Amino acid sequence: MSTPEAQAIQPSTPTGPMIRTLMGIAMLSGFLVVLTYQLTKPIIAENQRRAIEAAVFQVIPGAVARRDFLVTESAVTPVSPDGPTEGVLVYAGYDQQGNLNGVAAKAGAQGYADMIHLLYGYDPDCECVRGIKVLKLAETPGLGDKIITDANFVANFDALEAKLNAGGDALANEIVTVKAGTKQNPWEIDAISGATISAKAVGKALNQSTQQLLPQLMPHIDVIRNAPPPPSEPETPDSGTQ
Amino acid sequence: MGLFNLLFGQKGFTHGIHPPYHKDTADKPIRRLPFPPQLVLPLDQHIGKPAIPLVVKGQEVVRGEPIAKADGNFSVPLHAPATGRIAGIELMPTPKGPKTNAILIDVYEGSTQEVLWEQPREMSELSPQEIIQAIQDSGMVGLGGAAFPSHMKLSIPPDKQVDTLIVNGCECEPYLTCDHRIMLEHPKALLRGIRYAMRATGTEKAIIGIEDNKMDAVELLKSHLSKGSPVEVKAVETKYPQGSEKMLIKSALDREVPTGGLPADVGVVVNNVGTLAGLGDLLPKGRGLIERVITVAGPGIAKPANYLVPLGTPIRYILDYVGYEGARTEFILGGPMMGPAVSALDTPITKGTSGLLVLNEPSIEEESHKIWPCIRCARCVSACPMHLNPSMLGQLAAKRKYEEMAEEYHLTDCFECGCCSYVCPSNIPLVQYFRIAKAINREQAA
Amino acid sequence: MATETLSFIFLNAVLANNFVLALFLGLCPFLGVSGKINTAVPMGLATLFVMLVSSVCAFLINEVLVAFEIEFLRLIAYIAVIASAVQLVEMTLKKFSPALFRSLGIFLPLITTNCAILGLALFQTFKEYSFLQSLVYALGAGVGFILAILLMAGLREKLELSTMPSITQGAAVSLMLGGLLSLSFMGFAGLGG
Amino acid sequence: MAKKQDNTITWDTFSEGLWRENPVFVMLLGMCPVLAVTNSAINALAMGIATLFVLLASGTLISLLRNSIPKQVRIATYIVIIATFVTIVDYTIQAISLDLYNALGAFIQLIVANCMILGRAEAYSSRNPPLKSIVNATGMGLGFTLALLCLGVVREILGAGSLFGIDLFGPRFEPWVVMVLPAGGFLVLGAWLLLFEWLKQRKSETELNPAAES
Amino acid sequence: MDIEIALNVTTAILFMGILGLLLSSMLVFANKKLWVFEDPRIDDLEGMLPATNCGACGSAGCRPFAEALISGEVTPAQCTVSNADAIEEIADYLGVESGDVAKRVARLACAGGNHVARMRAHYKGLESCRAAAVVSGGPKSCTWGCIGLADCADVCEFDAITMDHNGLPIVDNAKCTACGDCVDICPKDLFSIQDAAHRLWVACKNLEHGDTAENDCEVACTACERCVKDSPEGLISIQDNLAVIDYNKISLASPIATERCPTGAIVWLDESLGVIKGQQAKRIVRKEALPF
Amino acid sequence: MSKKPTIELRTSPHAHAGEDVVVIMRNVVYALLPICAFTVWQFGISALALLVVVTLTCLLSERMFNALSGKPSSLGDWSATITGLLLAMTLPPGFPLWMGAVAAFVGVALGKAMFGGLGMNAMNPALIGRAFVQAAFPVAITTWTPAFFDGRFSQFIPTTLTPPFLQPPAVGDWISEVTVDAFSGATPLALQKFEGVVTDHMDMLLGTTAGSAGETSALLILAGGLYLAARRMLDWRIPVLVLLSAAVTAGIFYMIDPAKYPDPLFVVLSGGLMLGAWFMASDMVGSPVTPLGVVIYAVMIGVITVIIRLFGGLTEGVMYAILLGNAATPLIDQITQPRVFGEQRAGK
């Protein structure tokens, strides 16, 4: 393999330079990254806020202001830096007058390709889902994305019933997805032919989420209804998002 | 396992094929062919070292006289098949490929052609060792086709135990009937030969394996056996290549010769019926092997039959005698499955030649199909009696991956029976590929 | 914390969202080392091994990062730690088990900087998998990789023996095969949905 | 290598990445982003630019530091440097557009693992002076971007009937969904490679033929 | 707010610092304790070698050759595939002499194209010499001669062999690397590797003599012994009806040996003029194949 | 001897079973023709047009690739015809012709020509074609039209004649026009999967249901398959084991929960399983050659089919199962090399 003398010389390990270089570079990187992070943080936070807001206002018709709450088994509390951190995050949407128009929450279920993540708006007055917005979708373009583009499907959520039963521990009628064109009850979702699976996933996500959330939320809905108006008046969203 | 085995509960080898048998000459008695004007006797008619000539050009020889001696143990002598004069020792074509040295004898036309050289011996007095020597002196080699020196086969190495002699009367190749005729016409010589072989090898038992399309031979041989005879006649399924020794051992004894091994590894010696009949006839008389029975058949032949021909007869002479028509013809020494085609009509009949098959135009056309790529139909896999994967082997061979063939796909176990090529719907010349691969691997190893 | 069951995580990573064929991760070794089954097997095993190692590393580091609220360093930390861990393993192997090194180890450096490994680490974090879930996920991803690379290697070995036209003999045919495999794996989409 | 250091910058320094050693078409490196994010032209372009930036920045830094990094910590240092720039790009893209960020998914972060970048760092930047590295990295990055675009354009046109989001064929066009799926990525890249191979063979044939005829 | 940022920045830098420390310590440890020697030059050299792994150099492939190079067992020029520049580069790298190896090429001991050699049968099947050779030695009358189905041209990875219009392989000396693949594949053993500087050559392997040989092939060696008589003692001898050149005495060779050869079986290979037959060799003007 | 013969030299064996590739392939076409005829009777001129267009495209593509690679025409071996017919049979009867042509071209190009033609392909060309269009045009390929609608011999299904590259029109209105009783627009499989409705077994056997052009009549497929099996032109073990393993797998789930899962007979008779098992899984080019390999391959196809059907996002999994089986074939072949005669068994 090798000549004997070559084998003998194990190159000495420059310990000092090695540690110095790697540490130096690592710290430099840390600095650069933290710098970028700090610089972009406000912009990104603003981007995200806007995205969420746009989504919330989209799923809660008529809302122009929002406040965030955490729903736990026992209570509903406004989100604040020193409040509880565990619980389901919901966004409450208020109209110009400060009346509660609805509550938006996230839901998700396994679709055709991957998880479908949605935001839906729940109207406590009509006890129905008033709108959905797909947050993350990996379904087949042209098929699965019909859950966004198909007007008939979206119309399902103009007023999808999600009423609690008498006991208040579950939905009176489970939200179900039925075959396209066979919707008969207000709690049914008309599927999309060709994308039954994605459509079913939407139904499943809504059902799961409402089954879990509403029994906790509804008893305390007044906390949200009566919450003080949002801390800072958000700028009026573009009319397009409504 | 075939229907036959299911019905008769007999264990046989699996796979194999059923080609049309064309055994039209089975009822034609063996006839003697006249002597040709010149005989061509290659010195290496057997496997092993070529014989060493004992004669020179111009010398006169009488029928039966030794004309070449064995070169050591792994070799056999040659005897003059006819009385005549040595015309020379020259390079002559053989079915093996390159021309090799052969003794040419100009046959005396007027001679009576009696066997004038023999050394009769009393067989019952010979020890096994002496029988083996007598066999070598007779120049006998395997007449089943391999031309392996018989004395070598019958000398059992001290580290092996052999308990059974299997007599191969299968004759599974289509067309060929010479073994069949020998069994019918010379049962006594055959049984005598079997006894000699049993004595030489020290076996207690002999089984004559005959395919069940030759029941007349089975019955005849059975009738020659006394009760309690150590010799048994067994009908085996008619299926190619039943006659291959590994297959026959499996069918007769349900033993499997290990890969790369010899029959002796499972306690068996196998000999062809012709070989043993020849021994039974020659040993007491002390004669040499100077003629053999061949089947001359095929669509191109006017008078197909079994002929007893002197060794060294050029096939041109046989053809002239039996009458044959045709412009484009294929001449095959042996059966259609394994026999090589010859490229020159001077090629002589040698000890290992069991037949001459002549295929003329129509039958050639029938056989010349286009070669397609392997469609992986697996017919070859289910035909190969050795349970190889000829499909894979063929594909590897086409890419010249010869080493991989031997190392991973058991190329060396292929005995070139031709079953795979026979069934291949793509007409892939698989056996030819395998022969090339083996040749190259042999050369590389050397 | 994610709620998926372990078996779903595993099957999903092996079949429906196979790292190579559906998520496009680890393509370089998939295309590069799939010529022979004999090399694909150790490559696959080595990948599985590294995936397990990095899954553990990533999980632990993430805990640290979250504790210090410096998640923005995640990428650097993951890659640096994974790369070093693998290198350490590699050198240890080389020193103490040259035989194992020769069969598996030579693939390790190839894998260290491979996106399947980093992807796995990032995905398990995004999906908020627990420690056990992460491990199963890594196992599934590794098995999925082995499956894909073995199928590919088998096919490519077969093609070695075919008479392909000269223009398809290069890398193109590997990609096409990848495409065909990917098409075939689409059948598993929605499995368990 | 024992080759003498050659510091001159030639057209070749720049152009080898574009064509002769194109990282995607010739070297088959960094395949994952190539296939994963090219389902639309805009994603392809963004990914290309991001990669170009990381290649350039890390190449420059590594080239600058090349003489002071001990051999033994070479790889670790390079990885850290590359990861730094990738993180920077990651946050920058988030700041620019969340939609784009979501479309590219984890693949921005996976630039770290793009074999091409570390490969170039090892093979080029660590051996050449900064200016030369920059020129070469630009070439490589552009070559990479070009290749991504080649795929992105085809996949978007066929798979969505649009280019850079602009509808091309009107609403009745039937998109070939497969093109934006993983399988389509493989197939389109395979098709490009076939095309190049065919061109190459035709070229070498025409080079051979006149000689054979004369 | 600012404090928070400052804290954040510090944590980040500290964290990275510690990480860097840990990693570098680990690498230091690894380099000291886990270091295994492998000569890096092997990889470098392997990169410079042509990677054909042909084995013509006598090693099992390019990497073993590289190892042998380093240990000084071989000289760079023994790689017959590399061109002069590459060999020079390797020699420079190792600081050794490139070494000189006489150019060797494959040579064919047969001139029996289908215009001069007879066929005795009509071969049908795989278009391959090996394949034809296993069927009774092939269709050619001369069982030693070239079958002409181009196995050698097929296996030559360097495109050094082309088949001429008479079905004989022609070696392009410039391209031939003496890898020996053609030697191995030819079922008739017609190729051998010869020094390119050897000019005298017997282009026949037919073991017949006189008319019998000429009946097979018009350019066969008839064993007439004229070349033996015309050459210095011991240079040429007749063995098995074939003229055999003793290459140990090749310095004695001159074109005289070919002058009186009646068939032109023994030839003088001239660098510029190509194959030169003797004056008395019969001229063969036939261009097309002999009738069957 | 009358005159000097020309000696022919050929290699042994000099005998041959006589059945060559062309004969086998031609017989497969014979076996497929009754199914084609039934399809046309069932779905009318649309199905006929689809069969013709797809098969012709296959043949043309094959010829084109022959020409490109400088090989002689290989149309004579009938394999392209088989590919075409089988591909057309797996498509919905109203599948737009232009998409059918795309499928045929892709099938031949990616499935066959790229690898060097007959016998060299890794996976089933017809199914590659179908898998491609299934991924490319998922809506069109799941748009089913009723069988035996009136006027099927005088009128095309509206989607059939869609101009190239354009979307096929919606067929809902047309379907309600041509059918008296409400047609659900679904195959027995989709009905079962999404509505839990199990179609009458007899209907599926006879083929009076909706479905792909050639997959509806289990009976005719069986007849064709048996004909080929009897002539030993296909390996009967493959279809039998595919169907058997599918039935057994389905049976297990059926026993667990008969309300949720379909019965085994339904599984065997529905969808493309019959056609796939008899004519596609059995394609020898993509199936193993070793005896044990064949078993593994077939069982694998059967099981995967059922798994996809019962648990996957898609209604039908035969196509993917066969493609996966094809993909695994080289591996299977490699690990199941048979024990060679005389090879020592372990422990013996």
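Each chain carries a letter (A, B, C, D, E and F) given by its place in the written order, and its residues are counted from 1.
Assume a contact is a pair of C-beta atoms (placed from the backbone, for glycine too) under 8 Å apart; a residue touches a chain by one contact, two chains touch by 3 or more.
Note that the structure is a prediction, hence the values are computed from the model and not measured.
Student: Under the document's definition of touching, what chains do subunit A and subunit D have as common neighbours?
Tutor: The shared contacts of subunit A and subunit D, listed by label, come to C, E, F.
Student: Measuring between Cα centroids, which chain is at the maximum distance from subunit E?
Tutor: For subunit E, the chain whose C-alpha mean is farthest off is A.
Student: Counting C-beta pairs in contact, does E-F beat C-D or the other way around?
Tutor: More C-beta contacts join the chains of C-D.
Student: Let me have the rounded angstrom distance from the C-alpha centre of subunit A over to the C-alpha centre of subunit F, please.
Tutor: Each chain reduced to its C-alpha mean, subunit A and subunit F end up 44 Å apart.
Student: How far is the middle of subunit A from the middle of subunit C, if each middle is the mean of its Cα atoms, in Å?
Tutor: 30
Student: State, to the nearest whole Å, the distance from the C-alpha centre of subunit D to the C-alpha centre of subunit E.
Tutor: Centre separation, subunit D to subunit E: 42 Å.
Student: Can you give the whole-Å distance between the Cα centres of subunit A and subunit E?
Tutor: Their C-alpha centroids are separated by 71 Å.
Student: By residue number and range, which residues of subunit A touch two or more other chains?
Tutor: Correct list: 13, 18, 21-22, 25-26, 29-30, 33-34, 37, 112, 140, 142-143, 197.
Student: Would you please write down the residue numbers of subunit E that are in contact with two or more other chains?
Tutor: 8, 12, 15-16, 19-20, 23-24, 27-28, 31, 35, 120-122, 124-126, 131, 134-136, 138-139
Student: Provide the list of subunit C residues touching at least two other chains, using ranges where the numbers run on.
Tutor: Within subunit C, residues 70, 72-73, 76, 80, 84, 87, 162-163, 168, 173, 176, 179-180, 183, 186, 189-190, 192-193 contact more than one other chain.
Student: Every pair of chains that touch: which are they?
Tutor: A-C, A-D, A-E, A-F, B-C, B-E, B-F, C-D, C-E, C-F, D-E, D-F, E-F
Student: What residues of subunit F sit close enough to touch subunit E in their complex?
Tutor: 6-11
Student: For a test of understanding, state which residues of subunit E touch subunit F in their complex under the given definition.
Tutor: Listed in rising order, the residues of subunit E that touch subunit F are 120-126, 131-132, 134-136, 138-139, 292.
Student: Would you tell me which residues of subunit F are touching subunit A in their complex?
Tutor: It comes out as residues 138-139, 142-143, 185, 194-195, 313.
Student: Per the contact definition, I'd like the list of subunit F residues that touch subunit D in the complex.
Tutor: It comes out as residues 99, 110, 132, 135-138, 140, 162, 165-168.
Student: What residues on subunit A touch subunit C, complex-wise?
Tutor: 26, 29-30, 33-34, 37, 110-114, 197, 201
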